[in-house]
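In the two complexes below, chain A is the common chain; its partner is chain B in one and chain C in the other.
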Partner chain A sequence: MWLPSYATPGERAGRIAVLVFVVAVLAFLVAPLFVVVPLSFSNDPFFTFPVPKYSMRWYEDFFAGNRWTDGVLNSFLTASLTTVLATVLGTMASLGITRPDFPWRKPVMALLISPMIVPIVIVAVGGYLFFGRLGLTNTRLGLVLAHTALAVPFVVITVTATLSTYDANLTRAAQSLGATPLVVFFRVTLPSILPGVASGAVFAFATSFDEVVVALFLTGAEQRTLPVQMFSGIRDQINPTIMAAASMLLVFSTALFLAVGWLSNRSRAAK
Partner chain B sequence: MDTTLEKIKILIAVREAARPARRAAFSLALPLLVFLIVTFVAPIVLLLFTAVNNPEPQAVIPQTLAALERWDGKAMPEEAVFAALAKELAQAQQDRTAALLGKRFNYEVPGMRSRVVSAARMALANPTGPYRERFLALDAEWGSPALWAVVKRNAGTLTPYYLLNAIDLQQEPDGSLQRVEADQRVFMTILGRTLFVAFTVTFLTLVLGYPVAYMLTIAPSGVARIMMLCVLLPLWTSLLVRTTAWVVLLQTDGVINDALLALGFTDHRLQLIFSRFGTVAAMTHIQLPFTILPIYSVMKSIPPTQLRAARSLGAGPLSSFWKIYAPQTVPGVMAGGLITFILSLGYYITPALVGGPGDQMVSNFISIYINRDLNWGLASALGVILLTVTIAIYLVFLRLVGAEKLRMG
Partner chain C sequence: MNLVHQTPINTTPPDLVRFEGVRKSYDGIHFVVDDLNLSVRKGEFLTMLGPSGSGKTTTLMMLGGFERPTLGHILLDGRPVERLPPEKRNIGFVFQNYALFPHMTVAENIAFPLQCRKITGAAAETKVKAALERVQLGAFGNRKPVQLSGGQQQRVALARALVFEPSLVLMDEPLGALDKQLREHMQVEIKHLQQSLGITMVYVTHDQSEALTMSDRIAVFHDGRIQQLDGPRRLYDCPSNRFVAGFIGESNLVDGLIDGFEGGEAIVRAPDGAVLRAPAVEGAKAGMKVTVLIRPERMAVHNADGPERQNIVRGLIREIFFLGDHLRLSIAALGLDELLVRIPAAQGEGLVANAEVELAFAISDARILTA
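Coming up: the complex of A and B.
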């Protein structure tokens, strides 16, 4: 039980108790995620276990009309635009912040991180009032701008973390050999921090793809995203099509998770 | 003397020389800073402004408010005030702004909406004096100095009304502050509930998460990797998927009730969904990884040899843990606990879907006042209260932990 040889019997018993507790907590963490999967394949419109008969009817329902597939398309489009904007802005800012001469680093960092901290409803209501005045509510642009603000902290955190292990002498060497700043960035810096930038991009994508509250306040039927569709579905009339949507989202987020795990292994291998 | 002067000159020269580099470094962050100021800071500033903004009275009845300036606040206002009000309400009736004005005054004086609307209708239908008698004939309350005191204090385009209301205070006609009637003191209850739920969730995640973080540091790497997967996978799973799962689990004929019945813990199905228990359970599940990860990263940096040294010097297993190990994990507990507390304060989706009417948090009421009641001022004022509490705790976090310590995965 991962104890030293001098452990007392009481210690061993205590360790087993802790281990049982930890296994229970881990089960509490993971088990609820998978409850949606069998239900999505159920034939029954009610959420009963064990599943009486398996079928694909809720998946067929999901892909039958435009209601859900439009949501998926809107989510992908919004999240992709957000990812591009957040990754470019966040990576540039990270390059500046990690330089030793950067002024006012602490307050700037506190501001860049604050979209993670400010309650989402405040961002949503503020956006609703402010973008409303600019005529940006019920537009994709407004949603992308708001999502980018929310996604930027994730890019900044991952890219600054990667840059903290980057050897600035590489930049100096390239400069001394006559490379312009842009060439230095694209041919020296970017290749070595690419895994960090890519995980930042995945985080940004996931942030936008999963966001409900701001989308609820800023969008109309035209830009309705998948999470908004799910939220209204659960609130009004929960049905197994939502289970099908949730199961597919679960597969998708697991894929994103594995992608980031692979990227962080690569960046560790690169060191 | 000369050397001090020389030193200062050199320091200035060094700063001068460093300026281009500072400017270059800052200019890289500038686009993002400008972007955030426009898309994130400006909306929040507008929210703060909306919480004190009072445009309706000055827009609809400016001359009445000007005439009221000379009013002594004790007797009934003179005819000129009523005449100005009649003229402006008649115009408002045509512009369809009378109802807006009535709604605004109705927040502070019950019954004002219908009083203003019917007065406006009267003023437009028959614009002849004497106005005071006609207003009083319509509703004797128009003669009340208390009503006119409220109108007069709204002459400014800013008002403390919404912010006071958001903390269950009101301004009396004489200007003094008073708590609102006991049955209307809702917002402090909601704020208290939000803090209580956030505190409960923080406490539960610490109790559940601390042993997990500890086991993560001592388990062999293969086991630890699987454990880490169990911690990170929920973090990556869509918030809505997790909330959907809890909706299904907690249903009256759901899995948890099935299990409780089968194990004989209860003889009837319990109300788990739309309850405080369900809200706290789902929020604890969602926040647990946020608490575990900072604790884990601090524990990882504590050398295991310290515990061995303590044991070899004669400390028992419990006392070596309490005296040597636990104190060193406090920074991680602080970081994890504060992050979970801050994030729990802003929960909206989970209480909306899993909680009952008595479990709705400040965020849910902000949304209700925006969408259902169209009371932007009160919604913004509640936002200001929530933001103030959150920023206060964020500042504690920055002071104790630091923004650069935030890590993902």
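Coming up: the complex of A and C.
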């Protein structure tokens, strides 16, 4: 962090410039949070800053009606189903792809990752038109399937990365000791790659939980998720309840990513 | 005379393992293992020895079921097993990197093959305990593999591969990662285990001294083929070709031309004009280019009058290396720049570099190689 005592004045100036730049970037990124969180505790129905008087009224409003809480429940349900589906499919795909005799590895990998790269609106419109024909629009199943496609790349990437450090001799050893392929997977491979699978699952959950565009296209009133609710909240009626929702989401996302950090630390410590 | 009468043929039990014309290719052009025919007898310790890329590990992997032969058959107890998955072969396998399951304790690792065979409870516990005692790790059952040293981990791997009483145990350079002292100790330990349990072992190594120490028979691999299959003693004394002679032990390989024969001895002319006598071998003819193998420890400096008639050659000492109990001399002789001679340190007194010296060795210690 700090320069050695023999640094030239030029180096010192450069280092100071970098520091100023970094602090500025961080400040711009974080600053909105320092507005949103206090605003959620404001008493005022308009967004006035600094906050004139603090209160919990928007949190009370959030939990009072079904409008928001239904959104929260829908989001949790959708994200949980997506997580299970994406984790199972993504882990299986990773296991297949990393086999030494797997043909066309690169094209298949590209295909699996593509939902991450394709603009989200295209996925949403495509999903809307395709699912419309199958009668999957305005259904939970449709939303979960679309979110699964978006979440699988995260699982594939984390699990393949973990598998690259997995010792194939462990599989061979288990086989030679009499384990069938299923036993090998559940008793030897899965415990070894579990940190990767778990952080993939967290990413999958976060992907679905935050997702708004595809959800806007594919959901009806029944499956309306929290992000959709917030989005329409901004459009229709400006109301500080959205600040309360945003603040709670912020806390939740932070917790999720702390969990990922903890998982990756643990897997590194296990090595 | 009744020609139909036949003596009962082949009363010896069938070999445990047989490779019949096995070939393996990954690219369809180059054969990593080429026309392999090899039998492993019940209860024997057979080592596959060779440099890296000689096909020995591929052969072991095919026997373990992790690779499939491109052509040919592998028979286990008389049954073809090319299409049998590893978990159905009942073969113990010990890997170079131990391959212990890191998330299980030592005892859980050893109980794993028992669980796969539906042996649980007290019966399993007894077996695990006995297996740990056998490798002198009785107190380590609750440790995780990372808490053990390399040698201890190797012992656990060994116990795990033996606990389900397999008919055959395969080992792929299991001591490669250990230091020299521990390696030598483990060699003896593995050999004792193999003998006391009466198991058949197939062992892969590139370390010739390890192979000589442990094996009943050694198959020397080179370029995907077995160069020679023999006991350690015979392999050392009577190598069948230049490769085996060079790979097993230290050797001096002298080019020569057979001048003629005299009383069961061949007379060979070395490139420098010196004439050697060596026991005649099958296939050697007058005028033939051959290689003469002379082991460094079979030669003496000065003419020590032995009971046997000797070959005597002159050479120039290039360098002398002191190794405690013995000396290594590098001598220019017989057309070689560095003819190695190993003599007991006590016999080396008065030897100096750049001096002429007379070397003597028994005629029977010169071996003609025609290939």
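Here, the second predicted complex is superposed on the first by the 266 of 271 C-alpha atoms of A that agree within 3 Å, B and C clash if a C-alpha of one lies under 4 Å from a C-alpha of the other, contacts with A are read in each partner's own complex, and residues count from 1 in each chain.
In the analysis below, a residue touches a chain if its C-beta (ideal position, glycine included) is under 8 Å from a C-beta of that chain, and two chains touch if they have at least 3 such contacts.
These numbers were taken from a predicted model, which means no experiment stands behind them.
Trainee: So in the superposed three-chain picture, is A:183 touching just chain B, just chain C, both, or none of them (first/second/both/neither)?
Mentor: Touch status of A:183: second partner only.
Trainee: Examine A:192 and indicate which partner it touches, taking first as chain B and second as chain C; both and neither are also allowed.
Mentor: In the superposed model, A:192 contacts chain C only, not chain B.
Trainee: For the three-chain arrangement built by superposition, which of chain B and chain C touches the greater number of chain A residues?
Mentor: B
Trainee: Once the structures are superposed on A, label A:173 by its partner contacts, choosing first (chain B), second (chain C), both or neither.
Mentor: second
Trainee: Return first, second, both or neither, reflecting whether A:39 touches chain B, chain C, both chains, or no partner chain.
Mentor: first
Trainee: Identify the residues of chain A that lie in both the chain B contact region and the chain C contact region.
Mentor: Residues common to the chain A contacts of chain C and of chain B do not exist here, since the sets are disjoint.
Trainee: Over in the complex, which chain A residues touch chain C? Could you list them?
Mentor: 167, 169-170, 172-180, 183, 187-188, 191-192, 270
Trainee: Where on chain C does chain A make contact in their complex?
Mentor: 64-66, 85-87, 89-93, 95, 97, 99-103, 112-113, 116-117, 157, 160-161, 164
Trainee: Any idea which chain A residues touch chain B in the complex?
Mentor: Interface residues on the chain A side: 2, 4, 6-8, 10-11, 14, 18-19, 21-22, 25-26, 28-30, 32-33, 35-36, 39, 46-49, 89-90, 92-93, 95-97, 99, 101-103, 106, 108-123, 125-131, 133, 145-146, 148-149, 152-154, 156-158, 160-161, 199, 203, 206, 209-210, 212-213, 217, 227, 230-231, 234-235, 238, 242-243, 246, 249-250, 253-254, 256-257, 260, 264.
Trainee: Over in the complex, which chain B residues touch chain A? Could you list them?
Mentor: Contacts found on chain B: 18, 21-22, 24-33, 35-36, 39-44, 46-47, 50, 208-209, 211-212, 214-215, 218-220, 227, 230-234, 236-249, 251, 253-255, 258, 285, 288-289, 308, 311, 317, 342-343, 345-346, 348-349, 352-353, 363, 366-367, 370, 376, 379-380, 383, 386-387, 390, 394, 398, 403-404, 406-409.
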